[in-house]
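Next come two complexes built around chain A: one with chain B, the other with chain C.
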Partner chain A sequence: MTELTFARPSLDRARLLRLLQDYGVYAGVLVLLLFDVAFTPHFLSVENFRTQAVQVAPVLVVALGMALAIGAEGVDLSVGSVMALSTSLISLYLGYGPWIAVLVALAGGIVVGAANGALIAFVGVQPIVATLALMVAGRGVALVLLPQLKDVRDPDMAALGSGAVLGVPYLVLIAAGLALLTAFVMRRTTFGRQVLAIGDSRPAARLAGLPVGRVLVVVYVSCGALAAIAGVLATARLSASDPTSLGTLMELSAITAVVVGGTPLSGGRVRVGGTVAGAVLIQLLTTTLIKHDLPPSWTQIAQAAVIVLAVYAARERGRR
Partner chain B sequence: MLSVTGLGKSFPGVRALSDVDLTVRAGTVHALVGENGAGKSTLIKVLTGVYRPDAGEVVYDGAPVSFATPLAAQRAGISTIYQEVNLVPLMSVARNLCLGREPRGRLGLIDFRRMHREAAEALERLGLRVDVRRPLRELGVGAQQMVALARAVAVDARVVVMDEPTSSLEPREVATLFRVIRMLRDQGVAVVYVSHRMDELYEICDEVTVLRDGRVVHTGPLAGLDRLRLVSLMLGREIGEVRAEGLTKFSGGHDAESEPVLRATDLTIRHKLRGVSLAVRPGEVVGLGGLLGSGRSETAKAIAGALPTDAGRVAVAGAPVRPGSTAAAIRAGISLLPEDRKAEGIVPGLSVRENIALAALPALSRFGLVDDARIDRIVDTFVKRLRIKTAGPHQRVGELSGGNQQKVLLARWLALHPKVLLLDEPTRGIDVGAKAEVQALIDELADDGLAVLLISSDTEELIEGSDRVVVLKEGVVVSELTGAAVTEDALMRAIAAVPAGGPDD
Partner chain C sequence: MTAHTEEAGVPAPTVQGTGDGPERADRSERLSALAQQHGALVTLVIAMVVASLSFDTFLTGDNLENMALSSAFLAVVALGMTFVIVTGGIDLSVGSLFALGGVLAAWGSRYGTAVALLLPLAVCGLVGLVNGLLIARVRLAPFIVTLAAMLGARGLLLAITDEGSRTYLVDKDSFFATLGQGTLLGVGVPVWITLALFAAGAVVLRRSRFGQYVYAVGGNEDAGALMGAPVARTKITVYTLSGLCAGLAGALNAAWLASGVTILGTGMELDAISAVVIGGTLLTGGSGFISGSLVGVLLLKVIQNVINQIGSLDSAYQQVVSGAFLAVVVIAQTWLGRRRRVL
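Take a look at the complex of A and B:
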């Protein structure tokens, strides 16, 4: 991203900052790709791209829901626990067939989301507190249901985890489909507009007669459902259910992807394309550093640097 | 005791105070009055060390002073009681009273027993008996206000500044407050008292300073000043001042024969409104007059369902509207243009187009999918009709001028085809040209058969824009001006009138 800043010295600062806000994340992805092509051995292979895409899919799906919550001037910390809950439920209900198991897992996510939404919209608890409560509770329930790691042996789940259509893994197709759906909802539906209005100015939205409570509940239910789907995808990929570790720190990865993608934390704006690019950027960054044999602590430092840069770029926008 | 001379303070784009002189003597209660934006709050904040003045000096106890922080002012003996209680709700009453100067025991730890005893005594002196160990938030707002007062008095204050201390008090509590104020006065404390309630001012204050547009327009003893004169000083209108031709763009006079479309009965909100009733006919503009804090905005918000009411009914065209729900009010055809345009009106980050379509979205979509073509048509119509000056429908509303923001809001409501339009300060903070346009628009809308309720601090706008004026005072309808009686003169008389029942009702 720094390369970009130096490459165009002729533009004035304000304009540069706006470009950085709007397209910085795409440029970052591009720069990293070019770097990898040039310097990283064995980067340019179909197999590598497939691995990267499969790894990023669950984070991306969670980040889509997170983008909705952040766009409505909230946040959802319970997404990681919902993934754990989802994997536990799959393991428990796999006996009834994979479809039933997936539906039950989804229902679990929806229930957690509804609880989040009700606490926030009707009880008036701050999003960070409400979802923190469900983050703790969700993981707890997941561990009660399934106390330790268990292998998932099911041909359908295995197919979901490693199958592909025309070389594109199912996981990637599902994540891409959900991203397109989210973009469509935000762009074309009444609900999408209402989310943005509520996120930007809740008193104004309320006075304009918008169903603020209902919209908020739907936002958190969607976020919970997406996190549950991510849990299903992750379970299928690992062919194991591990409620102790699945989804830990996922909420932070998702928030990072959303913020790096240019969605302001102050709400009122959701950038689905940016969120996708944000998730991809973090994934590429991690891979690049690992492939160059740098210790994992470096990855975290690099992530921190990217977040700081993204927040710096978003800074001006916050000051309206 | 405390005086300021030639005080000036500017904020970016606004000159809040210019050349203000104020002298508060020990052992007197000095009233500070003025309408919204007159500069009262700024002046208080300069006195109490929140702001530093740009020009002029503050002389306290015979020596020029410059308080760097509110704490410095407090240490010097200037205490302030704000409109909203600024204490720590979760701490006990006693801890709040003694915050920052708790009695210490031998080990430097807080001596709780002594603290509780002292706190109870301090409150008892003010006639308040509460368990000082309980958290402050369990007390009523009035009692909390008394705790704030006790705290202000306990620090050996020599100047006490009170910013609308009675706005949330019961009449009985007001009486206690006044008793304390008199006690302070007799002890030689200088009291600066800010209030909009005429009766209170005449009951408790000795001197008065009237601010208008950041300048002192009058200062002197209150006893010799009659109410009407005081009101006219605050509003800046001369008594009996009659204009042959109005300066506003209202044509005045709408057909007002038909049945009322909006009927509000007995609206009551604790501390704010008491039994307010009014009716508006289609094609009629009804003005809501009164000073700041008289309950004008609360009435409008209660009608629009944005403020929960304790009692009262609202009906549109005979059909009752479910109270306390903006959505229900909007469905019934009531639209409110809120007073605080920036915080409650526009959605600044969204475009002109999205802002206009916001309230009408459900009607402009099919199965939850937005019909972009129809929105474009409607937005286009309103941008032309209301002459909204914008770079294009996709410009952010936050970037528009105040007048154009207001027009966008009007368009948002007109797109819903409302029956009743409540306008709270529709021309505040917008430039002269846009103001005239908005006024002409209000006129036009009423001619089209809309029922309009107009709230304005601009007396001229209110009088010339309205067919009738309902005058509010301390949450009660005190008078209704109709026909030839709709004059500034009559309005000021109604505001200044002494209530028939006396102040103790």
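Take a look at the complex of A and C:
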């Protein structure tokens, strides 16, 4: 394989492309950071970095789950609705204390994830359709439980939303911890290997005797649980429950972060570090455009361009 | 998915869209196929009968007309989506293109009906064409390409409306407005246009060479290419078609509302996909039919209407029911499909 590539005259281009695929997202973050340091006023302040990090935390947590689903050659469109469901449940159960409320919210995410996983693994429904059904129904249930915006007044939730350890907000710590956990699971555990094997080829994984159904259910349950955690974090930050708008289009942001981070949509490979960088890149891009007074229309067009570029760069990998 | 559609390049009369093999026309196999094809229609009839028995206001002319009108726009979007899904693709950009088409039509209506219709068709068709080129020639995943187009089109829409703060109005006395608001034989013009488009779409998909190529590409791309189907050109055409349909639906909707509302169309791609899937078209491609999508749209709208009629129920229940319904349909489809393969 390596010799073959060496024999080709286009060696430099191929290697450059691979480098771009593997480290392009980090380079993108670096370039944006340098640009901001040079041209954006008041960028280099601790307060600004803290704001950026807090804003990116929920997206990142959702994107981690999405990376698992995409790595298993699936996708989860229901994450935004799970966030809405989670915020509704918190609001409803806050009377029993914050811990109970958070646990119930998590349970909600796990139930949705289990339903997704069962549909995909045991019934054999395509991931897009299965999670689409739960996306529509999930938001509906969230709105039935809590029809409109409600303030969340609880000292513990407020502390979670705005508190910090050594200047690092809890939200960021939690997101970072979950990212490390996901990276560890994907790299060092049997489960991680099984997910990748299933993503590479489900029939092959089945023939190799892997518990395909069980692993897929766990993948979607994790994805649902992570989305529920993101819902908790967002609720704590906003100190309000808004099931109508919380998490709308979150599935797209999360997929964008994962894809920009270099995880191929065809499954079989998960890049957790890239996903983190992808989420940060999109956040920085949005902030940079906003701080330079470019209208939201430009932000969306720029995001679209970044997505297409990232997928274009990742394209060659599939052909190898 | 289905082996028989691969011979689609040859316009033989035995080739059917759903790929039923005539040789093993076992009775239960035929029943499964029938259920898969017409399950939505049967459900629609049952739902309408139950609804008209339960609510006096359901079978009134006004209510039916309202339902037909509000179905028309989604139906046109679903028509384009059906072609895309039969090729095994997906188009997430239609919701944004629907809104963009509406705004462009409302803006263009001051220059006459021709501009009001052609401008959205041109722009949305162009976006669809770019989607198709990226998917067919550059070989990017349809999901991601059309996702980017969804963001890009929404950005374009914001850019031409002062970040969504300006709403262009359509002159109510113009001919363009009658395209949306006028009636013919007591039925709204958009409904007639939709029916005509569906008739044309059904003929194209079932009876034309292009339609057979669409099935061939969705059934098995490589086999289709070996049979001589122009895979890339077919894909480019279906995405362009989908963009055109979304733009036209947006334009008609703007004529109906007499303004280019900027916040429309979010989530519409999901409604369209749901309708197509409920109508019996498989997301795996290679199998499906146009009339099913119309039935799917109507079914979604009847559910919505019934829930609105039950005044005590929150409109959120509509989403719960639609989602549950979609889940039931895909489970049934998968089950029926598996059964047919085993037999």
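Note that the second predicted complex is superposed on the first by the 308 of 320 C-alpha atoms of A that agree within 3 Å, B and C clash if a C-alpha of one lies under 4 Å from a C-alpha of the other, contacts with A are read in each partner's own complex, and residues count from 1 in each chain.
Rule of thumb we're sticking to: contacts are C-beta pairs under 8 Å (C-beta built on N, C-alpha and C of every residue); 3 or more make two chains touch, one makes a residue touch a chain.
Computed from a predicted model, the values in this text were never measured in an experiment.
*Asks:* Have a look at where A:268 lands relative to chain B and chain C in the superposition and call it first, second, both or neither.
*Replies:* Once the two structures are laid over each other on A, A:268 reaches chain B alone.
*Asks:* Does the superposition put A:211 against chain B (first), chain C (second), both, or neither?
*Replies:* Touch status of A:211: first partner only.
*Asks:* Is A:119 contacted by the first partner chain B, the second partner chain C, both or neither?
*Replies:* The answer is second: A:119 touches chain C but not chain B.
*Asks:* With the two structures laid over each other on chain A, which partner does A:190 touch: chain B (first), chain C (second), both, or neither?
*Replies:* first
*Asks:* After the superposition on A, what does A:236 contact: first (chain B), second (chain C), both or neither?
*Replies:* A:236 contacts neither chain B nor chain C.
*Asks:* For A:200, is the partner it touches chain B (first), chain C (second), both, or none of the two (neither)?
*Replies:* So A:200 only meets chain B here.
*Asks:* Based on the superposed arrangement, let me know which partner A:296 touches: chain B (first), chain C (second), both, or neither?
*Replies:* Once the two structures are laid over each other on A, A:296 reaches chain C alone.
*Asks:* For the overlaid complexes, name the partner, chain B or chain C, with more touching residues on chain A.
*Replies:* C
*Asks:* If I apply the document's touch criterion, which positions on chain A are contacted by chain B in one structure and by chain C in the other?
*Replies:* The answer is that chain A has no such residue.
*Asks:* Quick one: in the complex, what on chain C touches chain A?
*Replies:* Going by the criterion above, the answer is residues 90, 134, 138-141, 143-145, 147-152, 154-159, 163, 266, 270, 273-274, 277, 283-284, 314, 316-324, 326-327, 330-331, 334-335, 338.
*Asks:* Which positions of chain A touch chain B when the two form their complex?
*Replies:* 188-191, 193-194, 196-197, 200-201, 203-211, 268-269, 320
*Asks:* Show me the residue ranges of chain B that touch chain A in the complex, using the header's touch definition.
*Replies:* Touching chain A: residues 304, 306, 326-327, 329-331, 336, 338, 343-350, 354, 357-359, 361-362, 365, 368-370, 372, 398, 412 of chain B.
*Asks:* Provide the residue numbers of chain A that touch chain C in the complex, in ascending order.
*Replies:* Checking each residue of chain A against chain C gives 75, 119, 123-126, 128-130, 132-144, 147, 248, 252, 255-256, 259, 265-266, 295-301, 303-305, 307-308, 311-312, 315.
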